[in-house]
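Two complexes are shown next, each including chain A; its partner changes from chain B in the first to chain C in the second.
Moving on to the complex of A and B:
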């Protein structure tokens, strides 16, 4: 109950934040929200189901390019792009889930890196379809009309910020429901002991594939939001660096804790803003934080805190 | 009730079972004995579908089950208590037990009743219901592992070396628990290295060697220990 109130207060605060902040800060806050979706999504497959993935950037990109290409070729709106991005990225997630049925640990991690690289190469080289290195630009998302009355004109930074906030809340609710569903129990069982999960009669194939699909679909949603907010896509926004950053966010915050990746994303995404001229070394700092977290607090900040308080 | 007919099975191209046949009658307690690497565990794993059957078949209540996916076999009443007292270490004792009832999602009252039944049977599990299963002792883990299998309401329970790596006093406790399961009407197939325990509780024994059944006899029909040991330890003269 207390947690729910805190969550509602946090969302309310974030909703009114643009009134007290400048455009730059609002933009930073919006980036934080993109990373929150990505980190919580990765936590489903890695933290709860125990399957490594360094391909978050790839699914993020698939979502973003789905929106950009649909917008260019079909002239569709963001309301169609959001589900389409989730579905297309989810299908790619299913594709990556298939090798995960046979591979474990390091070997799976290597396959996800290869997958990330392939997706990056396709979006950066297939110029006629994806715009190549230059990427694609997108028009405004357009007005929101109900019965012909314009409720809301998409265009201002704030409008995209609020949409992102609303979608983040929806994504978090979906992730929360999944974790606390039967499927979520199955994921945790697979993470704990896959052989035993099979012996108990759980369908480990279904468990792993659904975890990959859910993870990829959330990243796809984040991609659609990013493409629209930035009014375009470029391949360099969806590199393995993004994947590594999201891994660091999840691990530092705490795998399999739900709140951990949210805090990790907020911390690491805002960190460069406080680094001043050292901001260009952010990947180095993320790397150091990741190593420190894995060696000193492998359960993450939130994981450690929970272990402390439950004693 | 459970019949295994000329089972040939293994991992990939490596064959471990070369035609194993077993019969476990309804309500019976059958023990499968053998040394390390003789194919005991593989037999149990191929019955539940964790190892692919290459030839032969597994028949449960006149139904061939080796073509059915493993997760559906548990719904038919087959349940394996795996070797090594394995539990979901990050889950509490109660959560572990509930994992056993995973496929009975609509049966809330039944699950609650069975949970109570397991706690009645294994009192120590009730005391430790909120504890993480990773914190349990070896004996408690074995009880939890058996309890979790019971939560699936099996008709046939397959136990893979329940006495391994346990103190003699605990082995006695586990043996009693197994007899209790039999009194409940369960059909049991027990894999053991502990010959003494198996002869104490089983009514029929098979000895497996090199992936083949080398010896079988009804318990109480005058099993000559020397003869048994010879098959068990691998005498070549026969």
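Moving on to the complex of A and C:
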């Protein structure tokens, strides 16, 4: 109950935040929310199900390009892009999940990196379909109508921020429900001991595939939101750096915990703002933090804190 | 046909680089069980060390090679201290994440120090004794001496590595570690020393490859990304931990890429290897040249 109240208070605070903040700060907050979705999604597959993925950037890009290409070729709106992005990215997740059934540890890590690279090479080189290195631009999401009555116009930064906030809350609720469902407990069983999980009659194939699909679909939603909010897509937003950043967020926050990746995302995504003129060193700092975190606090900040309080 | 031979020769040159990088990678994996995602950075650092020695210090080639080797030794010692020593009693995932972080840190540190613009090593072949007398035309195939140097060096280094692994005490202890670390320790192998030597050998092979390649292609901070991925492709195709397999698969990948870019499309050359590796892992996870073993 206390947790629920705290969560509601946090969301309410974030909802009114744009009134007290300038455009730049609102933008930063929105970026934090994108990364929260990505890190919580990665935590489903890596933290809970124990399967590696360095391909977050690829699914993020698939979602974003789905929105951009649908908007260019079909002229559809964001309300169609959100489910479409989740479904298309989810299908790619299934595609990556299939090799994951047979591979473990480093083999899986290498395949996900290969997958990330293939997706990046395709979106940056298939110029006629994806716009190549230049990318694609997006029109404004336009007015939101119910029965012909215009509720509000999409266009201002705040409207995109609120949409992102609403979608983040929905994604977090979905992730929370998944983790605390029977399926989520199956994931944990697969992570802890796959042979045992299979021996007690759990369908490990289904477990791993669903984890990959859920992870990819969440990243796809984040991609659609990003494409619309930034009014366009370029391949360089979906490189392996993004994957590395999200892995760092999850590891620093705490793998296999719900709040860990959220805290990790909030911390690492806002970190460059506090670095001032050292902001260009952010990837260097992420890399060093990743090494330090996995060496000194492999269970993450939240994991360490929990271990301490439960003692 | 003439064009085919030229593509083949180019493929062998590129493939030789893959062999040098991948053999070190497969040694580190086979002996220590560390999956080193920072291996491409060993190559990148070798390239920059070579440029520093030749362009900035104005050294002749052999002392420049010594500079590259010394740098590689330092890098190897540091990488072992970060990726292997603290991770000994942990699961494999820790060293994967850690080496990934190390790769990101090294690339961005280089970006800050050296800047993003690609650089090139001006290797004056006319000053290298034997090489300058080599022909550049082999029938229909044209190979500048900088390129010929790469397969020659590769063969030399792999031969040295083979002799060391086969006949020296150090080589025997490396192979003993690969078979069973605990038993090797019981037989008097100094495991800590072997770990450092393995990383140094890996860094040296990759560093030399980086130095040689940057006289043909350019070197830039994130050049190691693609090289590391290619090397992983080679390591998987050859069978994880299999040195001879990595050597064969490296040449094979280089030739395949060269033919792909020659006959299909240049934009396909980088993708073909990755598609290949995913297929191999799906249908023959022990690698093209590996024996089926328990991989758990």
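Assume the second predicted complex is superposed on the first by the 311 of 311 C-alpha atoms of A that agree within 3 Å, B and C clash if a C-alpha of one lies under 4 Å from a C-alpha of the other, contacts with A are read in each partner's own complex, and residues count from 1 in each chain.
As a convention for this text, a contact is a pair of C-beta atoms (placed from the backbone, for glycine too) under 8 Å apart; a residue touches a chain by one contact, two chains touch by 3 or more.
Source: prediction; values computed, not measured.
With both complexes superposed on chain A, which partner does A:225 reach: first (chain B), second (chain C), both or neither?
neither
With both complexes superposed on chain A, which partner does A:99 reach: first (chain B), second (chain C), both or neither?
A:99: touches chain C, not chain B.
Applying the touch criterion given at the start, work out whether A:216 contacts chain B, chain C, both or neither, answering first, second, both or neither.
A:216: touches no partner chain.
First (chain B), second (chain C), both or neither: which does A:122 touch?
In the superposed model, A:122 contacts chain C only, not chain B.
Let me test your reading of the model: by the given contact rule, A:298 touches which partner, first (chain B), second (chain C), both or neither?
second
Looking at A:49, would you say it contacts chain B, chain C, both, or neither? Reply first, second, both or neither.
After superposition on chain A, A:49 lies in contact with neither partner.
For the overlaid complexes, name the partner, chain B or chain C, with more touching residues on chain A.
Tallying touched residues of chain A, the top partner is C.
Of the partners chain B and chain C, which touch A:179 in the superposed model: first, second, both, neither?
The answer is neither, since A:179 touches no partner chain.
Of the partners chain B and chain C, which touch A:88 in the superposed model: first, second, both, neither?
neither
With both complexes superposed on chain A, which partner does A:240 reach: first (chain B), second (chain C), both or neither?
It touches chain C, and chain B stays clear.
Please give the residue numbers of chain A that touch chain C in the complex, ascending.
Spelled out, the residues of chain A in touch with chain C are 52, 54, 98-99, 102-107, 109-111, 113-115, 117-118, 121-122, 125, 240-241, 244, 247-248, 251, 280-281, 283-284, 286-291, 294-295, 298.
Spell out the residues on chain A that touch chain B in their complex, using ranges where they run on.
Residues 182, 185-186, 188-189, 191-193, 195-203.
Can you check the complex and tell me which residues of chain B touch chain A?
Listed in rising order, the residues are 48, 50, 69-71, 73-75, 79-80, 82, 86-91, 95, 98-100, 102-103, 105, 148, 152.
Could you pull out which chain C residues touch chain A in their complex?
Answer in residue numbers: 29, 35, 37, 82, 86-87, 90-94, 96-98, 100-109, 112, 225-226, 229, 232-233, 236, 240, 267, 270-271, 274-275, 277-278, 281-282, 285, 295-296.
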